[in-house]
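Pasting the structures here.
Next come two complexes built around chain A: one with chain B, the other with chain C.
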Partner chain A sequence: MNIWQRMSSIDRHYVYLLVAATVIFPLIVPAHFPIGISPEARQLYEAVDSLPEGSVVLLTFDMYANNLAETEPIARAALYHLFRKNLKVVTVTTIPFGGPSIAERITRELAAKYHKTYGVDYVNLGYKPNYVSVLKGMGSSIESIYPTDNSSTPLAQLPLMQTVKNYADMKFIYVVADNGIVDYWISIVQAQYGIRVGCGVTSVMAPKLYAYVGSGQMTGLLGGMKGAAEYELLVGKEGLAVTGMGIQSLVHLLIIALIFIGNLGFFMEKRRAARAKS
Partner chain B sequence: MKRTVPLILAFISGIVMVIAFFCREGSLAENLSQEFLIWSSIIGGFSLLLGCASIVRVQWKHVSQQKSGWGFSVVTLAAVLISGLPGVFAVSWSPLFGRGTGSIYDWIFVYISTPMSGTMFGILAFYIASAAYRAFRARSAEATLLLITASLVMLWRIPMGEAFLGTISSHLVDFVNTYIMLGINLAVQRGIIIGAALGAASMSLRILLGIERTYMGRG
Partner chain C sequence: MSGMELFQIWIMAFFTLAIFSFLYKDNPIYRFAEHLYAGVSVGYYIGLYWDTVIVQQLWVPLTQSKVPEYWLAVPGIMGVLMFSRLSSKYSWMARIGLAFIMGNTAGVFLLSQLHGNVIGQMQGTMSPQMANGSPNAALTAIVVLGVIATLIYFYFSKEHTGALGVTAKVGIWFIMISFGAHFGYTVMGRISLLIGRVYFLYTDWIGSFSQIF
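Our next item is the complex of A and B:
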């Protein structure tokens, strides 16, 4: 086997070893690189930042556990921004296993840090089945869909929910998701009730959602860990995403290098074979 | 009877939702549609219960008949009961019940489900790297185009790549964002979304008119 053949057929175990080394190395030697802010991330930041103090924002935790590396930093940066701006936060989830727990853990943790009171500054409504009905029903009456919050407290006992009856009482919807629910937030809620919707989603979902940004139905978009890192920088609170960008950078570069090496070997071998034939 | 009643129910509930869209808040159609949405959410809850009952019944059958791999069924049954029951029990009985922070349900999610799901998902990175290396070969013009675009987008999504693209041309980063993501990608995605929406609208109409009956378990 000549060098070109070797280059185009590296054993997959060596590839796995290289990926492992590329993931572990930045954890031992952290490296920070300048992160550019995309227009979509800036649009989302400015939309939230321009809301008057005390406005109500619906923050969704439509996420499963497997994508937390991408979605949790977005949710944390978003919540930090909302609390810092003294906005009122109502959280919901359309994911039965995980969504309510993630929302509860992150909101309670950040609320304690920024001295926010449950029921006054924020409320966690939790999960209700059949998301299409939930999204549509909340447009008329949140209380009819969610008679109680995630801890089974009747909404009538929560001061914040006395002023928030439906989408008309909200100024913005901040969707953090890792699944196709985003389409429903746009087609059911944004299109029918006219409320502005901004999104933070996983990298693989982002390309599809550019269509909504382009049509003006979506006010800002964060794509994956890069989007989360951009938002962390915009709100001035560097966290998991900025750290994670070092790892992601090296893995992306490794994949590009592997593709290049594979193609170089493929072409050179093809040329050598053609020469030998002639 | 078995066929006519579901058809009538689907037609009435569908038509009410359509009419309510054009009615004012507080109107009869709007109130009726809200009532239907509450019912729908309740039915969704019962379908979850039905799912739980079904998984228990199937797995229990495997265990009782000691079919091949019945040990996995024991694990599944244990997982359903251990994670499900404490989450359903009232928190007033014990702080370990319910779904709040510190409950068994939350503990299982944070310390078992999250690391396991994260690990499963993380393993994908290894397969993606290996698959990209073996599959991304410039064998044709289309494959070359895909390869170049994928490499540009991968570079664009990382800070080091952004800096690298900037050294080639100061406009290259904007080019990727404007022409690839907000240009070609947007146009294609928009086509897919519009196509899917038209498909969904025609399917809804077929269900409303009783032409589409597969939801009843028959053609």
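Our next item is the complex of A and C:
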């Protein structure tokens, strides 16, 4: 086997090892790459930042546990921004597998850090099945869908929920999601109730959703770890996403190099074979 | 860090490494982790739907509320009829519930898709595209050309020759650029997940060594 053949047929185990090394090494010696702020991330940041103090924002935790690496940094940066702006936060989830516990863990942790009181500054409504009914029902009465919060406390006992009866009492919906539910927040809630919706989603979902930003149906978009890193920079609270983007950039450089090596080997071998034949 | 937290971290680390072991080759530890995950997921979903649907939305309002909501018996019965699929003789009864679901879903989604996707996206396509806060003619032309060319690519009632063929080829370019963007984002997403797991192993799991050893 000559060098060109070797280059175009590197054993996949070596590729895995190289990727693993590229991910692990920057954790020991951090790598920093510049992170540009996209107009969509800035739009979302400015939409939240321009809300008057005390406004109610619905923050959704529509996420499974397996995508936490992308969604948790977005949710944390969003919640940090909302609490810092002294906005009232109501959280819900349409995902049973992870959503309620993730919402509970992150909101309780950040609320304690920023001295927010449960029931007054924020409420976690938790999960209810059948997202279409939930999204539509909250437009007329939140209490009819969520008679109690995530800890089974009746909404009547939560001061914040005395002023929040449906979407009309909210100023913004901040969707953090890793699945197709975003389409329904747009098509059911934004389109039919006119409330502004901004989203932070996984990378896989982001390209499709740019169409909603372009049409003005979505107010800002964060795509995956890059979007989370942009938002962390905008709110001035660097976390896992900013750290992760250094690693991400290195791995991308490695992938580009491997694609180049593989293609170079393939074409050079093809050329060599053609010459040998002639 | 409590003993329970340590135990959780080690369990998480074990299953993370068990799944990663598949990268070398298929093995019993990977299969154990995979099957356990599938089993736990199914068990969790059954318990969850039993509590949130059957108990909270059917049994409690039907039997324990001050004004019993007897109408809930109708969807309850339709739900039970779904199990008639298990019998070849009475399987037709399941169609009652299915017909209701189909009709209801079609009605709800017809309106929402029309509002959210059809009208909203058509408006977005026809409106001038913005760049740095002001209308941009070049961007608008690209969007209009891209939409028309892509739609023509999916028009199969006439052979793609002549002007139609050229436009369809332009459409393919737009589709390929879109696929490229999707693929690039997918790679980024998968690397993000790997970073998340490795970050957990490095900070939480290896970090817990000092408490044990």
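To be clear about the criterion, the second predicted complex is superposed on the first by the 278 of 278 C-alpha atoms of A that agree within 3 Å, B and C clash if a C-alpha of one lies under 4 Å from a C-alpha of the other, contacts with A are read in each partner's own complex, and residues count from 1 in each chain.
The definition used in the following text is that a residue touches a chain if its C-beta (ideal position, glycine included) is under 8 Å from a C-beta of that chain, and two chains touch if they have at least 3 such contacts.
Not measured: the values here are computed from a predicted model.
Chemist: For A:144, using the defined touch cut-off, is the partner it touches chain B, chain C, both, or neither? Pick first, second, both or neither.
Modeler: In the superposition, A:144 touches chain B alone.
Chemist: For A:134, is the partner it touches chain B (first), chain C (second), both, or none of the two (neither)?
Modeler: first
Chemist: Classify the contacts of A:52 with the two partner chains as first (chain B alone), second (chain C alone), both, or neither.
Modeler: Neither partner.
Chemist: Applying the touch criterion given at the start, work out whether A:105 contacts chain B, chain C, both or neither, answering first, second, both or neither.
Modeler: After superposing on A, A:105 lies in contact with chain B but is clear of chain C.
Chemist: One more residue to check, A:184. First (chain B), second (chain C), both or neither?
Modeler: Touch status of A:184: second partner only.
Chemist: Classify the contacts of A:216 with the two partner chains as first (chain B alone), second (chain C alone), both, or neither.
Modeler: The answer is second: A:216 touches chain C but not chain B.
Chemist: Touch check for A:203: first (chain B), second (chain C), both, or neither?
Modeler: Both chain B and chain C are touched by A:203.
Chemist: Mind working out whether A:68 is in touch with chain B, chain C, both or neither, as first, second, both or neither?
Modeler: A:68 contacts both chain B and chain C.
Chemist: A:96 in the overlay: touching chain B, chain C, both, or neither? Say first, second, both or neither.
Modeler: A:96 sits against chain B and chain C alike.
Chemist: What part of chain A is shared between its chain B contacts and its chain C contacts?
Modeler: Looking at chain A, the two contact sets intersect at 16, 19-20, 23, 39, 66-69, 96-97, 128-129, 132, 136, 183, 187, 192, 203, 207-208, 211, 214-215, 223-224, 226, 248, 251-252, 255.
Chemist: What part of chain B is in contact with chain A in the complex they form?
Modeler: Touch residues, chain B against chain A: 21, 25, 30, 33-34, 37-38, 40-41, 43-45, 47-48, 91, 98-101, 105-106, 109-110, 113-114, 117-118, 120-122, 125-126, 128-130, 132-134, 136-138, 147, 151, 154-155, 157-163, 173, 177, 181-182, 185-186, 189-190, 192-193, 197.
Chemist: In the complex, go through chain C and note every residue touching chain A.
Modeler: 23-24, 41, 44-45, 48-49, 52-53, 57, 105, 108-109, 111-113, 115-117, 120-121, 123-125, 127, 129, 132, 143, 178, 181-182, 185-189, 191-199, 202
Chemist: For chain A, which residues are in contact with chain C within the complex?
Modeler: Those in contact with chain C are residues 13, 16, 19-20, 23-24, 27, 39, 66-70, 96-97, 127-129, 132, 136, 183-184, 186-188, 190-192, 202-204, 206-208, 211-212, 214-217, 223-226, 240, 243-244, 247-248, 251-252, 255.
Chemist: Going by the contact rule at the top, pick out the chain A residues touching chain B in the complex.
Modeler: 10, 12, 15-16, 18-20, 23, 33-36, 38-39, 64-69, 96-98, 100-101, 104-105, 108, 126, 128-130, 132-134, 136-137, 140-141, 144-145, 150-152, 183, 187, 192, 203, 207-211, 213-215, 223-224, 226, 245, 248-249, 251-256, 258-259, 261-263, 266-267
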